[in-house]
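Same chain, two partners: chain A is paired with chain B first, then with chain C.
And now, the complex of A and B:
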């Protein structure tokens, strides 16, 4: 019984982290109408910067959690103003190509700066070790922190989009950018801010993930593929879809790793293929009509 | 001379140069030329779906890798003649493309790019981790190419002989691909690229055309992969990684996606650039990314496009 409970908690842990990444992908898609192929690389950059802040500059975890994502967001502003700005009026494939080029550059830059080895970050002192949960389950404290952080992010994002003026502006810009412009919304600034916000979320996920996963140059690839699966299952551009898809993928990893270890690798792809066959636009999605 | 005879003469000169290359160029360039030809075919197959049909695939290396693995496995375990291996490699690429394409062409371009990357990485992970069949990250090597098949007995181990085999295969494949691009099927693909909605409105099944184009492209990529395995004497998982999928993307854009020969020219520029840059720095991928970004932002029609534009302007 405790085995299943642990597997479920693991699923939630993986799922909520994926949600933070995938929702960033979704927000950027909503407003800019592009898939940011470098999203996983930004996540990885967040993790590496977090590592440098903590292990090389001696910052505490919490300060690194504030600094590293902001640095990545600043980089995203530069990318938007310096690169993406030129091709907003062109075909979609051009912007996909540019973010793909960014992926190549970031991946190689990370290899050059930090090397190809694996780096390890310790969780902050109060979150180290395990805690005994009701029911006698021994569970790592840091994983519980990740679940709590994921739930907090979920609540904060929901409030942002549904209860604030800023969220309303973003939603307006994603529904109809020209109309938003006519209503005196500076859509150029919105676009830049949204791109930076997506990058900030990705990097945030990276720093949060750093103490529980190995930091290596392949981590960005792994997460971008998983977030693609999440948004395809949930529906591109849908906020509840991202949550549903992330939890579904978390369950596939958490339970699949336990009960079906042989096919664990392809299980998410089979799930994605099934969704594509039965509900091509995702469980909650409407976008992406051919 | 009008521009048509101009083009024909230029093409004939290039063809003659390519055939005579082992006798006129230094030994090292035989290897370069073989690589350019194989990667050129790989890029041209990619451009059938990107330049002609307007779908940007980031998972094209999966079919290239499938062809390479098919050839390597047949050579190692069954010691087949090369031509038989190439037929199977082509079929393997087509089959994998049919399966991946079936799921990927259902929605719009954004989905397509995303899904091809995801499925391509799935193929990579399977090859990388299925040690008992694919030998994992070590790849399949240690095979030797015994003969060409059809009773033709030539020493394939000799680089210049293998170069001529590659040249013949690529020329033949390029001719077939050119016929496909010029056929009514090719015209339909271009119509889809320009306005898919309108094509659908004319009563044509856009999805089936896209899937057909994707499968054909997969077949030619499989053939290119089948040619690279005996050349590099290995089939490794890196051939299926997304960074390998980036190469035909850049080659097509370098050469010019709007021209049939663009990807071949792009492959030549790419390989020469790679040879030159990797002799200076390790960070080839970084340069690749920067070049791709600059090309997309400022030089979208490629080298061939820029040259032809200039000629047109000067008239």
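And now, the complex of A and C:
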């Protein structure tokens, strides 16, 4: 029984970390109608900056969690103003090419700044080690923190989209940008904010992941593949879809790895194939605009 | 779509620039002899390629400073194989046909080696493997152009099985990456364990997470649930860093299992982990910088530390030795073209940091053994765990007879 409980909790921490990252990808697509290939690189940048904040500048984890994602969001503002704004009106394939180029630049920059070596950071002291849960299950504290962080992000995003004016503006801009502009919404500023917010979420995921994942120059490529699986399963541009897809993928990794170790490799791809066959726009997708 | 082909044109340019500037003194002059390097230079395992590149560069600097080979300097052209067979083959073709290299050294991944080795007959250029360990490269796929200067997985697992049999642990399982390497480790470990300890049991329940899995928790929990006596672990690179930290968290190291890491003593990983690598587990490696008490090794380790500030990893040593092998082959045959080098490499004996080493005529595998040891206290100067009870196996002890390798070339 504890075996299943551990696998379920593990699925949840894998899934909710993926949610934090993939939801950024989805929001950016929903509002800007671009698929950001560099999203994984922004996640990696967050993790490396977090590493520098903690291990080189001696900041505590919580400060790094505040600083690193903000720095990445600031960079995203520059990227949006300097690069992306020129292609918003163009074909989606142009944005794919441009963000792919950005990915290459960021990957190479990370290698030039931090080298190719593997780095690790420690979880903050209260989150180190394991805790005994009711039922006698021994579980890593940091994994529980990741679950909590994921749930917090979920709640905050739901409130943002459904209860705030800013959220309504973002949804309006995603439904019809021209109409929103006619209604005196500064869509240009909204677009920049949304792109920076997506980058902030990716970097947040990177700092949260840093204490439990090796920081290496390939971490961005790994996560972007996972994030794409999440959005294909959940539906591109859909907020609940990102949650559903992330948790589904978490379950495939967590339960699949534990109980079906021989086929766990192909599970995500079987899942993706099934979704594409039965619901081509993803479980919650609408086929374009959210 | 994710093949991040970033050509190492810069490196080639640097090499060309250095040559154009002209070496200062009695150093080599004339047309450089070009050697191609094929390693993982991007992504998670890029640190392995980096160390290989450093090893090659050190060897070339030493050789060129002493007048080069046949009076000509050596030059390096690096390509990123990304750990993917298709990319590796394409890069090898480019190096041979376009850049006109006379020898290739490299490859980190067994997956790349399995794809590349049969291609060498078409390229008619020698390839010296310095890291990839699949026994088939010098076994059933062997050919006149493929050599290996490093320990292969059969040699490594024979040594591991001998130690495993001595621990008395009876029920063994494995955790390894789900591709050629992980499965071969288990296959050869099992084969030799049965030989040394016929009572040993190879469990049906094994764990093969995908390479780059990031979260190994489900697999670690699965193994702990099955209560083995011993586990052979072939996870490597960044995966191994993740694995050890997650295993620490789950109490995997306090279960009383005998734990053997097939390629655990990689300085790339040990440096990252520091004291988080627990004490008392068995680590294997193709080369351990403190495992050889010889002037040649001391000179190599000192020179490497002086140039790069860290001790050389096994990958650095393999790459370093391969350049000296090319040099020795050119001097033996008196010619610097690919065919002559390939011919001269067969049966070649040379001095390397691991001692006198012979590339066996027939399968072209170096007669060489791994080092295995238990993790000891931290080495504060090098900031990594030391190895205690370290034993370096000789090639004679662990290399199967030629007729048992499956090699039927020449």
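Throughout what follows, the second predicted complex is superposed on the first by the 287 of 290 C-alpha atoms of A that agree within 3 Å, B and C clash if a C-alpha of one lies under 4 Å from a C-alpha of the other, contacts with A are read in each partner's own complex, and residues count from 1 in each chain.
In the analysis below, a contact is a pair of C-beta atoms (placed from the backbone, for glycine too) under 8 Å apart; a residue touches a chain by one contact, two chains touch by 3 or more.
For clarity, every value in this text was computed on a predicted model and none was experimentally measured.
Clashing of chain B with chain C is the outcome of superposition onto chain A. Shared-chain residue A:213: touches chain C; no touch with chain B.
In the superposed model, A:59 makes contact with neither chain B nor chain C. In the superposition on chain A, A:137 makes contact with neither chain B nor chain C.
In the superposed model, A:160 lies in contact with neither chain B nor chain C. By the touch criterion stated above, A:265 is placed in contact with chain B and with chain C alike. Residue contacts after overlaying the shared chain place A:5 against neither chain B nor chain C. Applying the stated contact rule after C-alpha superposition, one finds that A:225 touches each of chain B and chain C. Of the two partner chains, both chain B and chain C are touched by A:108. Once the two complexes are overlaid on the shared chain, A:236 sits against chain B while remaining clear of chain C. Once the two structures sit on top of each other via chain A, chain C runs into chain B at 238-246, and not at any other stretch of 148-156, 238-246 or 256-264.
Applying the stated touch rule to the two superposed structures, the overlap between the chain B and chain C interfaces on chain A comprises residues 103-104, 107-108, 221, 224-225, 265. Chain B makes touch with chain A in their complex at residues 50, 54, 56, 58, 103, 105-111, 113-115, 117-119, 121-122, 125-126, 129, 196, 206-207, 242-243, 246, 249, 253, 282-286, 288-290, 292-293, 296-298, 300. Residues 3, 6-7, 10, 14, 103-104, 107-108, 111, 115-120, 129-130, 138, 140, 142-143, 212-214, 216-219, 221-222, 224-225, 253-259, 261-262, 264-265 of chain A touch chain C in their complex. Across the interface of their complex, chain B is touched by residues 29, 33-35, 37, 83, 86-87, 90, 92-94, 96-98, 100-105, 107-109, 112, 221, 224-225, 228-229, 231-232, 236, 265-266, 269, 272-273, 276-277, 280-281, 288-290 of chain A. Within the complex, the chain C residues that touch chain A are 2, 4, 6, 41-47, 49-50, 178, 206-210, 212-215, 217-219, 221-222, 225, 237-239, 241-242, 245-246, 249-251, 268-269, 271-273, 276.
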